[in-house]
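After this come two complexes, each holding chain A, first together with chain B and then together with chain C.
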Partner chain A sequence: MSSISLAVETHDVRRIYKIRGGKRKGEAKTLIALDGVSMEVPRGELFGLLGPNGAGKTTLIKILATLLLPSSGTAKVDGLDVTTQTQEVRRRISMVSGGETSGFGLLTVEENLWMFARFYGLDNKTIKSRLAEMMQMVGIYDRRSTKISDLSTGLRQKMNFIRGFISDPRVVFLDEPTLGLDVTAARDVRDFVKDWMAQNPDRTLLLTTHYMAEADELCDRLAIIDKGKTLICDSPENLKRRLQSETLFNLKIQPLRKPTSPEDVIEAVPGVRSVTIADQIDFSELRLSLEGEDALPAVLAHLSGRGSGLLSLEKREPTLEDVFTQLVGRRLDEDTSQNSTGEGR
Partner chain B sequence: MTQIKTPAPPTAKATGAMLFWRTMWARAYPRIVGSLVRERSWLFFETVLPLAATAGYVFVYQAVGAPEEYVGFVVLGGAMTAFWLNILWAMASQLYWDKEGGNLEIYILSPGPLMAILLGMAVGGFVMTVTRAAIILIVCSLAFSVTYTISSVPLLIAIFFLTMIALYGMGMMFAAVFLASGREAWHLANLLQEPIYLASGFYFPVRALGFWVAAASSLIPLTLGMDGMRQLLFAGDATLGFLSVEVEAIILLILSVFFLAAARFMLTKLEEIGRREGRLIERRR
Partner chain C sequence: MITLSSARPEGDHRPMGFADRLLSLPFVQRSDALRSFILGAWLGWQIESNWADPLLFAVYSFARPLASVMILVVMYSVITDGATQQPIFAYIYLGNALYIIVGGMLAGISWAVIDDREHYRTAKQLYTSPLVGYAYLCGRGAARLLIGTISTIIVTVFGVLLFGIPITFGSIDLPFLIASIVLGLTTLSGLGLIIGAISFQLGRNAWQAGELISGALYLFAGALFPLDILPPVLREIGLIFPATYWLEAMRRALLGANMIGFQTFAALDNTAITFILLAMSVGLWISAAFVYRWSMRQAREKGVIDLETNY
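Entry: the complex of A and B
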């Protein structure tokens, strides 16, 4: 694809942080946040970066948004180099992050948004008309005169969205935009994103998330990223299609005893491709990927042999979570869920 | 959510000087509105406390039978403390607070120049503080019957504005330095607050400190600014001045240029280092 038609392109981008905590006092340790990320996002695409916490998604987005320099490699936004053409890039982009607390509490919603719009050089007439339109669109018009210190998290995030889009950016970066929002507010935010993309087909949106359903619902294409590397990049449909040959089950069982030997794990049962287990207080949840349905009786027998009775069983279609598990070998939420793991690893 | 009916056309955005202008006033707005409209209680506290401190010094001078002009010196010094506090707590430390609050990232991401953001903070801070300083000056002058004999109004205005430009230029430079120093910013501001009252002669003629100490203190623009204004406000006591008003005006002009240039240089450097090391976006690293 030619550079002109690309909204975002990166070539072998690496980012290494120096952090405290080396072996000797005062010595710095290095942390590889990005390890040679290359990708191309055409104009007009809603592109997702999907990965667990600490995968490098935010680092990549911050490099593209000119807030960080790559340690090596090149990154371009709208055909402009983010390292050397910083000001030109900034005129074309915007970014909204989840849990953002920007703005001044003693100013109203309208005043804060006016201020941010002026930082982009917008004139008052344009700001007035766009603000009214966008506030109505996200449903905070009636709160325009409320001080932002009095807003709920959801309303504040809707305001942040207006801030991000009022400057009419060519490329928008959304970093975990629904983080901490309730179901309704998160849905409103996703609806806003879909509407904006539908009505601005030449604009590009790059979204980072660790919510699989959100990525599945919104993204034209997505890259799964883990430990600073891009593992795969395709449309959600194509990614899920990779697992069509597998049979997937969700099992709820009585708490599972630890295996007595390395061979006594579920993965050792013939026909089991992968399994993740999340231990709850009264039961365990298994996500099974099997070569075929005929492997299930052997799995149930194995579980029974380890003292776990079946509580419920559900056959299901592949999800992005399964794609991630297959690629990475663990669940996406494993970082935050200490009791979630496969047995054989 | 309701649907937008038609796609909005691409938005025209200002660049260059117009962008600088709009950014500057946009950043000044929260301070002006905040202090004059939304949080008027601040005005009360930030006026009453310096008033009390000023009154204390006046009573000491009156008790020891100091020349009457000294009361005027103290009143002017008391009024100018508002500017010094504003520089330390609302200029120098501000970018650090902005980073903690999430605004710094927005400033950097936007095409509006950081220098315009800082200038906006300075302009807003000046408007906010000049009100407080004026109240202290007027109330104390009336309460203690201070008599002013102004020898040159144009020169007085010039000295005042040169002092302000140099002072807020220094505040802008400090903002970059404090941002680089992270959480130490709080301690730095504390460290600078009280000693400068002494070194800059807020409550006495700085000449009393001796030439070399006064010369070193002159790096703080308030030192020469207050000295020059005192000479011009109390025309009979030019002998108590440190340097001639004209020389002080020239030095203040040089300091203004130096601090503004240094602020610009340091901001550019800081942004470069911040992008390289990730310090601009990481909170409490």
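Entry: the complex of A and C
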């Protein structure tokens, strides 16, 4: 694809942080946040970066939004180099981070949005009409004269959303946009994103999230990123199609005792491709990926042998969560610092 | 479509009115730097003036500097047995009144950096928008300068009326006063910008940078006593600090013949002082441009533009 038609492109972007905590006093330790990320996002696409906390999503967004320099590699936004053409890139982008409690609390909603719109050089007439329209769209028009310090988290986030879109940016970076929002506010935000993309087909939106359903609902394409590397990049449908040859089950079983030997893990059962286990108080929840339904009796026998009875069983369609689990070897909500036990916990 | 103006309740105050008019000027609309400066100043004024009701704000803005100058007046009176007619009193009084502006200029910009980053947590939003950072920060500093200037004027008028500081219409050298104000503010804002730019590297200690420098140099700028009484080594510190020349120029411009002469600057006439301020102003702004560029690059490299230490 030609560089001109790309909204975002990165080539082998690495970012290494020097952090305290080396072996010797005063020595810096290095942390590889991005390890050679290359990707291309065409104009008009709603592109998702999916990965667990610490995967490198926010680091990548910060590089693209000119807050951070890559340690090596190149990154372009709207055809402009983010390292050297900073001001030009900033004219074309905006960034909204989820869970933000930030804002000049003593300004009103309207004043804050007016100020940011003016930074982008918008004239008053445009600001007035866009503000009114967008505030009504997200339902904060009647709070326009309220000071930001008096707004709830959800309303602040909605205001930040308008800030991100008021300049009519060519590329919008949304970093975990629904983080910390209640169900209704999160739905409003997703609806806003969909409407905006529908109304502005030449605009591009890059979204990071660790909510699978959100990525599935919104994104045209998405990249799964883990430990600073892009594992795969495709449309949600194609990603899920990869698992169509597999048979997926959700099982609830009585609490499972720990395996005593490598042969004792569920993965050792013939026909099991992958498994993740979430331990609850009274039961364990298994997400099984099998080569076929034929493998199920052997799994149930294995569980029974480890003293765990079946409570419920459900066959299901593949989700992005399964794609992630298959690629990464653990579930998205698991702490990345923990190593896999070999039983997908 | 409902527009904001038509939906605004009658009598609803719109504080961005004046700034809005300035921003609507065609040449301002075309310039990122001018827009950033005006918006920075507007925001700075909102922050500096909006935290309390007007009466409390006035008390804070006026009573605080008056009180701090009064402490000096009382100390001076006790030591000299009330000799406020002596030229040295006018020297000290004016020096302290004017140093309010120096402190505001040096600390204002670094304070804005830490305020955006740590307090309001808006650095990420600001520095991904096309604002021109140095212009925005100067705007933020300008709001502090305005408040400092008002305080200085009040303290000075108070000194003229109450303690007989010999400033009269006849004593003021208006062209030199205007030149001193313009060059002094340019010089100090250049220095303030250098401190502010370095503040991006300092994390939680950034808020102290401006106040530390203005506080430390208070003794060496000739605000409290003439440089002549300092040991030669310490006098050199004062001689490289732009505020020293600015205070000297302002005293000369305001007091005229009533200005007490000190040996340190005896060889410098008003023109020489003006040129020194001009040279310092140019030098500091060139340095500020380099330091700001370097510091922002470093901040992007380290990832500290939006650093939040939650201190």
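Methods note: the second predicted complex is superposed on the first by the 336 of 345 C-alpha atoms of A that agree within 3 Å, B and C clash if a C-alpha of one lies under 4 Å from a C-alpha of the other, contacts with A are read in each partner's own complex, and residues count from 1 in each chain.
To be clear about the criterion, a contact is a pair of C-beta atoms (placed from the backbone, for glycine too) under 8 Å apart; a residue touches a chain by one contact, two chains touch by 3 or more.
Since the model is a prediction, treat every value here as computed from it, not as a measurement.
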> After the chain A overlay, clash or fit between chain B and chain C?
Replying inline: clash
> Touch check for A:60: first (chain B), second (chain C), both, or neither?
Replying inline: neither
> Taking the superposition as given, does A:200 touch the first partner, chain B, the second, chain C, both, or neither?
Replying inline: first
>> One more residue to check, A:188. First (chain B), second (chain C), both or neither?
In response: first
>> Quick check for you: in the superposed arrangement, does A:168 touch first (chain B), second (chain C), both or neither?
In response: first
> Of the partners chain B and chain C, which touch A:256 in the superposed model: first, second, both, neither?
Replying inline: neither
>> In the overlaid three-chain picture, which partner chain does A:110 touch, first (chain B) or second (chain C), both, or neither?
In response: second
>> Output check: A:139 vs chain B and chain C. Expected answer is one of first, second, both, neither. What do you get?
In response: first
>> Quick check on the superposed pair: does A:131 touch chain B, chain C, both, or neither? Answer first, second, both or neither.
In response: second
> Can A:75 be said to touch chain B (first), chain C (second), both, or neither?
Replying inline: neither
> If you lay the two complexes on top of each other, which residues of chain A touch chain B in one and chain C in the other?
Replying inline: 17, 62, 65-69, 87, 90-91, 93-95, 97, 100-104, 106-107, 111, 114-116, 118-121, 123, 133, 136, 163, 167
>> For the complex, give me every residue of chain B touching chain A.
In response: 1-4, 6-8, 10-15, 18-19, 22-23, 25-27, 29-30, 33-34, 38-39, 101-103, 105-112, 117, 275-278, 280-281
> Can you name the residues of chain A that touch chain B in the complex?
Replying inline: 17-18, 62, 65-69, 87, 90-91, 93-95, 97, 100-104, 106-107, 111, 114-116, 118-123, 126, 130, 133, 136-139, 147, 163, 167-168, 188, 191-192, 195, 199-200
> In the complex of these two chains, what residues of chain A are touching chain C?
Replying inline: 17, 62, 65-69, 87, 90-91, 93-95, 97, 100-107, 110-111, 114-116, 118-121, 123-124, 128-129, 131-133, 136, 141, 144-145, 160, 163, 167
>> Which residues of chain C touch chain A once you look at their complex with the stated criterion?
In response: 1-5, 7-9, 12, 15-16, 20, 23-24, 29, 32, 35-36, 39, 42-43, 46-47, 50-51, 120-122, 124-132, 297, 300-301, 303, 305-306
